[in-house]
Every structure is written in structure tokens, then in C-alpha cells.
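Below, subunit A partners subunit B and then partners subunit C, in two separate complexes.
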Partner chain A sequence: METAPMETEQRLVKLSSSQGDVFEVEFGTACYADVVKQMIDFTSESSDAETIPLNLKTTVLEKVLQYCDYHRDNEPKEIPKPLPTTNLGEIVGDWDAAFINVDDENMLYELILAANYLDIKPLLDLACAKAACAIKHMTPDAIREHFNLQPEQMTPEEEQEMLEELKWCTDGGAA
Partner chain B sequence: MSLDETPEHVTLERVFTFFEPLDLCVLASVSRALRGLSERDSLWSVLCTSLWQGKAFVAERFRQTPSKASYRGSLADKHRDTITRGELCSLTWHFRFKRDAGEEWTDADPYWKRGSPMQWSFRTDGKMERADDHPELRANESEVRRWKFTRVSCGARGPKGRFVKVGRFPAYVVSRTANWGWLMESCWVVLYSFPISPYSQLPNEYRDEGLKVDTDLQWAEAFLYNNALNVPLRYLLQDGADSEYEPETEGRSAKRRGGARTRDSKRRKKSSPKANG
Partner chain C sequence: MLCQADIRRFLRPAAASDEADLEPQQHHEQQPTDFSSPGAQAIAHEIIRQRNLLAHVCDHLPTLEAVRLSLLSKTLQDTCRSPFVIRHLIITPATHQMWRRASRAVLRQLRCRLTHLQTAAITTDEEVYSRGPDQDRPGDDAASDDGREEEDEPPQVVGGNEEATEGHRRALGYRAVYAKVLEGSAASLKKCRLEDTTITAPFSPDLPAPDSPPKVTFGKLEEVVLCGALWQGVAHDRRWSLPALKTLVITSFPIAPQYRSTWIKASPRLTHLHPCFTSSLSAAPL
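Right after this comes the complex of A and B.
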């Protein structure tokens, strides 16, 4: 990692979405994603350096940059596994809870993929935890609907085995 | 969202790392694809770590392979109250006298003096060793102390690993604690497989009044010890005296020794175990 002189800190970085929209963000924000940091051309002296193309939709990139901008100065909280509660605000704080409370479920999954692609682990955890909260406590039928799955015919043995499992899962933890 | 495409499969697995066992078991009943995913070791090892955190004892065979089977197995195993030779010998035992042992003992016990218990380890060769630096009660160690599993204590038979006999002392009865640790107690002493706090801060479960073995339950062994009598405990059993008993010593026929041992024959057997009426 090269040491960043002052002018580098203040320098702006251009990132473009897959739809061609260009975002000009501060160096520190862009570098929150290690993958982006590695793509920045440190040898370039000029401030109008080349634009870094990212394979993300405009709406998703905008959201990711919002996250990076906030968390470059605010260390995100570690999310415990398994989740102790489905009230994410209690775990990650209000800002993150509001940030990840997206209306559109596809947006959530796109954020997961984006965080994975840009290797932003805390965002990946946050988005995955949010997705987990949505599925937790669903009935098998609701989960099937959620994932758009066809019901499968289970053999009596399989059904018996599953009943067994639910049993030890529910009372096995009791002291 | 499709389940088959690889990147999403990876994504789903990450989502499921936040799940609890019940969530994963529900997931397993949704479809075969999700069932396969829900059983991955990567998911269960996270849950194992969380489950086993702060537990005083988790059997090595589970720790070595964290998985769904290990998670479930360890939950069942926390109730096992028979200890193996390997487990007994791998742990450091924190020892204290009970008040019932009498002041002569409790006054000399570093635990009752300073809240810091003696430590003992059991060796695979059958010897016992002090594993602490306390000066107290060292004179007792001039004689080599030996341990063995015994099948009889508290007037009953138990499976191997339930009772540990040290010298001629009343046997230690093995049990489990809420933190998955081991506890061994006789009417006079307690051994914990984990560090313990001073008595004033000791949870009720670990205090004398919270323990199970007292001089009423172990009266026979206490009586024999106090009177320096060397009588095999099986002769004191009041239950079916002709029930099977396998002697600890090898080379003797279990059948012959376990044969019709009625109350009448007990007295004779004291002097001559082989005289079978």
C-alpha cells in the first residue's frame, strides 16, 4: 500500500456504473472498497484521471457509495452469528438498520452481490443478515414461495426424519 | 431467485450463516436443494462455535469435526454422566472438602482458607498427582494415591465411568453441571473439572447444599472408611445380590463371583469370596 500524500487524500475518483452514470467521490470513500482502491491509478498526477468502470447498476452503485461514505469514518459493528434478534437496529445501530431497510427485495440481493464483488465484508454481512431476518421464522411454505420453489414430494422416511430434527432443535438446547 | 446458479448459492450460504439451528432445520424441510445447503459443515461450525463457547467441556470427537452431527451429538452428550478414562485423565480437577468432612479437613483445605482449591490430576497409570502449589495437606501425599473405576457406590451399581474410587475413600460419583462441566463428589469432597470461585460466590448448584451425595447416601462407604474396614462394597448391596457383576480385576470368572450371593452368603463371603454355599 503506497502512502497517501495530502493531495491524494483530497483527490476525487470517478466511478462509473454499468449504465454509464459517473460518480465523483472522495478518495477515502472509494478506497473503502479494497477492490476499487486497487484499481486506482496512483501514478497519475492529474485530477481528471480515468474513470473506473464497475459492473454495477446505477442505483446499486449509488447505494454502495452511500455506505462507504458513511463507514469510512464510522467503524461498522460486527454482527454476531447466529443472529440474537431479528431487530437489526439493536445489533448494528440506527444508521445501518435504516440503510439496509430497502423496500425492493431485489435491491437487497443486488447489494449482497455488489458487496461480494467489491469485497466489502461488513456490507456483505449487513445485507446477508437483513436477508436472513426476512426468511427467519417463515414456514416452509412461505420459504418455498419466497424462493419460487415447487413443492417436492417427500418420502415418509424423509418426513419422519424432519420431524425428528425439528424436535431436537426445539428441545435439544434446553438445559 | 434461482437456487442453482453458483454465485447465488454462495450468497444464500452467507445468508444462512446467520441462522439458528431451528431455522436451518425448517429450511431443510423446504426442498432437497435447500436441505443439502442447510447441512453444510460451514454453517454448522459457526453454530458449534457459538454453542460451545464458554462450555467447560465438549468431547474431543465433536470439537475435531464441527458439523450438524457434532452439534446435535454434543447437545445429547452434555447429559452423559459416565466419564471415560481418557477424559478423566485429560482434565485438571479442582478439589475441595465438603463441610460434612469435618473441621479437621476443611480447616486445612486451601479452598476454605483462601478460596483457592487444590488441583489434582488423574494419570492413566492409575496414580493421582497434585497439580497446584499450595503447601497444605502435602503430608498426605507420602502415600501414593491410586484411582480406579468402580461399579458400586451409594448402595447401587452403576455403569463404568459413573463411580471413581480413590484409595479407600468413599467413591466419587460422576455427574454433569449446567455449563457442561464434570463434577465428582463423595459425601466428603467435591472435584470440579473447571475453576471455581470462592464459596461465598459459588453458585448454589456447586455448594454443599446443592449437591446430591451426602453421608446418608454414602453411609456404608463412610462407615467402612472410618473404621478402616476393607470390605468390597458389592457385599453391602441390598438389591438383587445375584445380579451380574463383572469384577474389575481381570482373570476371574464374573459368573462364579456374581453367582447366587444371597444375604446369607454375604457374611461368609467376606472372609472367603469363593465359597459359594
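Right after this comes the complex of A and C.
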């Protein structure tokens, strides 16, 4: 028997993280992620109460669901490219700016992977914009220092070659 | 200090599986590489995924800043050389100051790397009229790349006094440099905006229609916005074919009828032609 639209909206869906934690969310929230929607469509044919396993850590899944729940009824603003400013609040709105303002930069990376995995384009866009903000206007040296990037093994010749190749687009190459 | 896992994970082709951690010699000793093996495919997929994610980040950066990421590390240099990483070309009067310093060899290299652009926005100001492409490349090879190669026709400048003519010739030199970058992405470019913010007197060149076949075909280019007179003749002079072009917006200047005719003839699917004259001689804001 077909499910009525209202019933579908109110239906709860179970999603589990890779660590085994289960989240029960509304159908509309879960379906904000195209991949989850496809999984629901697939599992609906076999079983009603099946939990959908997602290869995401609990903290990341929780964060993603927070995003989906908010944006299922609030269309996110399109982010202009390239970013006109590094102050994301001016571009994406307060809620998104606060959402993506994560202290742990590893979480930012995990969110990018999660958005990519679940095919949530606005979240991917937002997280990548945040990553871009972190490095925009920074010189390569400043980026290395900021992120504590250890130089890879490179011969002096290779390093010189790289510097020569990109001299034109660095401040050091100013005429 | 910030967490080390973060951005660096974009920068390294990741080990998709335990097999990826093996030294190459352990993997391939005395055997040809088997690219169909699950291990090799997993590594390839992971590299592509990392590269695509980096491309998403680079989408938010001006082109030059994305190019500069190469300087971070050898790995990133390799990744950034992938033509799939930079998908948007953005040149502003400020970044033009740097582009004009790029040597002939660098420009050639960039043209090979920027082959999958989807959009382009090129904005130049009076600078392109006042300083020629040869002037800012100390130590570069004598035959600097002003965009012209042996097979190119010389820039045609009609009318005006000698100084204005020389300025226009310089500007056409830069136009050719950037046009060649666009042509490198002829198969992928979907939208472009070509803007010259200077106040230049309109001119009507007396040019015959190109009788030779098109030189470059932009197979996916659907929308072009022309602002300012500099770019009006590019389709004519460089013999562009625009089979997918649906929308042509001409703003801020009255396009010469001969050039307009070339755009239309080159675009059999053109459905929207918008000549928007805010002012025939006004300069668009930066």
C-alpha cells in the first residue's frame, strides 16, 4: 500500500554511524542528502524499520544531520566564487557561519568528506568555502606556518625550479 | 598549534588501502603495473577524490591563489598541475599586474594546465593600453609571448592617432594572451565574461568576414558577456566557432556591426542577444 505524503513526512528514519550510534531523524531531514534518500528508497522496498548504516563518525553524522535539519526548510544562500571576503558571515548568513565555525579543523575536513560522500552540495560548498577562507590571501609560507606543514623531501634543485616556475605569481616576483 | 590532519589531507595523494602504503618496489617488482587490480584502482579513486575536493576549495579562490598553492609542497605542486583542479579563470586589473609578468614559457605551461575551465571572468583596465606585454619580463626570452604565434594574424588596429593605435595594439596583445588561455579550455568552457573597463572611443573596423574555416570551436560555451570594446573583435580575429552559444550580452559599448555580425554567424544556436547600452562610452565599475 502506498504511503500518504503526510505520513511519509512524519516518518522517522534510523541512521547509524560507523561507531554504531543510531540517530532517529525525520524523513525530510534524512532525504536532504541525496545518497541517503536513495538508500531509503532502496531499503523501503525490502524492510520498513531497517537502520541505514553510514560510514561517518558519530560526531560528524550528528553535525551533518544538524545541517540537513535546518536547511530542509531554509534554502542555503549561494556562495559567490571567488569569495569576496574571508568573513563568511557576510556571505552565507549567521546560522551557516556559526555552523561551519568549527574549532577542530579536522572536523572541517571530515565535513567536506561527509558532504561529498552524501552528495550534499550546499554543505560541500560551505565547508570548502570555509577551508578557502583559511588560506585566502595567505602566502605559501604563512600557510605552511599556520598549518604546521612540514616541507616534504625536495632537493634544492627541485625547490629552486618550483620557485622559478611560480615567481611570476608571488610577491617575490614583483617587477 | 593547529591540528595536523586538517588541510594537509588535501595535499597528499592518500593511501586508500594498506596496499597503498607499500613501497613501489614491493608492489611492482619484476611485474608490469596492473592498473586493473583493486588496490591500484582504490589508490586511483582516492587520488581523484582528493583532487576533486581540492578543486572545490580552489573554486572559492582567485585563480592566482589557486595556482600559488603549488608552492606549498611537491605533492601539491603535482596535484595543482592537474588540469582538473582549476575550473574558474578570474583575472582582475589587480591580478593582471601579475599575469603580465608571466614568461612565455610559463604562459605556455599554464595553457596546458588550464584546459578544463568551466567559467572565465577577465577584467582589464587602462593598464593593458599603457604597458605592452614585453615590458615586465626581465630576463625572459627575447621573443616574449604577446599571445601571437607564427600562424596568428597580426592585430588589426584601425583609425585613431599614433599613440592611441599603439595603445590599442598593446591591449590586443594582452587580449591574445588571455584568449589563448580560453582557447585551451575550448572543450569545457561554459560561460565567460570579458570586460574592458577603459573609456575608449568606439571604432568601426572595415574588415572582411573571415573566409578561412574556424580555428577554435568552443563546444560548450553557452553564455558570453562582453563589456567594453576590447573584446568585441575576438571571435572575428581569432576565428572562433560557437556552436553552443545561446546568450550573448553586449554591455557598455556599441559593438561594431561587422563584429556583431561575426558573433552571430559563429553562433548558430544564439537565442538571446542583449545589447545593453548603459552609456556608449561609460566605464564599468571595478
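To be clear about the criterion, the second predicted complex is superposed on the first by the 132 of 175 C-alpha atoms of A that agree within 3 Å, B and C clash if a C-alpha of one lies under 4 Å from a C-alpha of the other, contacts with A are read in each partner's own complex, and residues count from 1 in each chain.
Here is the rule we use: a contact is a pair of C-beta atoms (placed from the backbone, for glycine too) under 8 Å apart; a residue touches a chain by one contact, two chains touch by 3 or more.
From a predicted model like this one, the values you see are computed outputs, not experimental measurements.
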Scan A:F27 for contacts with subunit B and subunit C and give back first, second, both or neither. neither
Which superposed partner A:R144 touches (first subunit B, second subunit C, both, neither): both
Thinking of the overlay built on chain A, is A:D104 touched by subunit B (first), by subunit C (second), by both, or by neither? second
Touching A:W95 in the superposition: subunit B (first), subunit C (second), both, neither? neither
Subunit A contact set shared between subunit B and subunit C covers 79, 81-83, 109, 112-113, 116, 124, 128-129, 131-133, 135-137, 140, 143-144, 147-149, 152, 154, 162, 165-166, 168-170, 173, 175
In their shared complex, at which residues does subunit B touch subunit A? 1-3, 7-8, 10-11, 14-34, 46-47, 50, 72, 75-76, 178
Once bound in the complex, which stretches of subunit C touch subunit A? 1-11, 49, 52-53, 56-62, 64-65, 67-75, 77, 88, 90, 98-99, 101-103, 106, 109, 136, 138
Residue ranges of subunit A touching subunit C (in the complex, touch as defined): 79, 81-83, 104-106, 108-109, 112-113, 116, 124-125, 128-129, 131-137, 140, 143-144, 146-149, 151-154, 158, 162-163, 165-166, 168-170, 173-175
Contact residues on subunit A for subunit B in the complex? 79-83, 109, 112-113, 116, 124, 128-129, 131-133, 135-140, 143-144, 147-149, 152, 154, 162, 165-166, 168-170, 172-173, 175
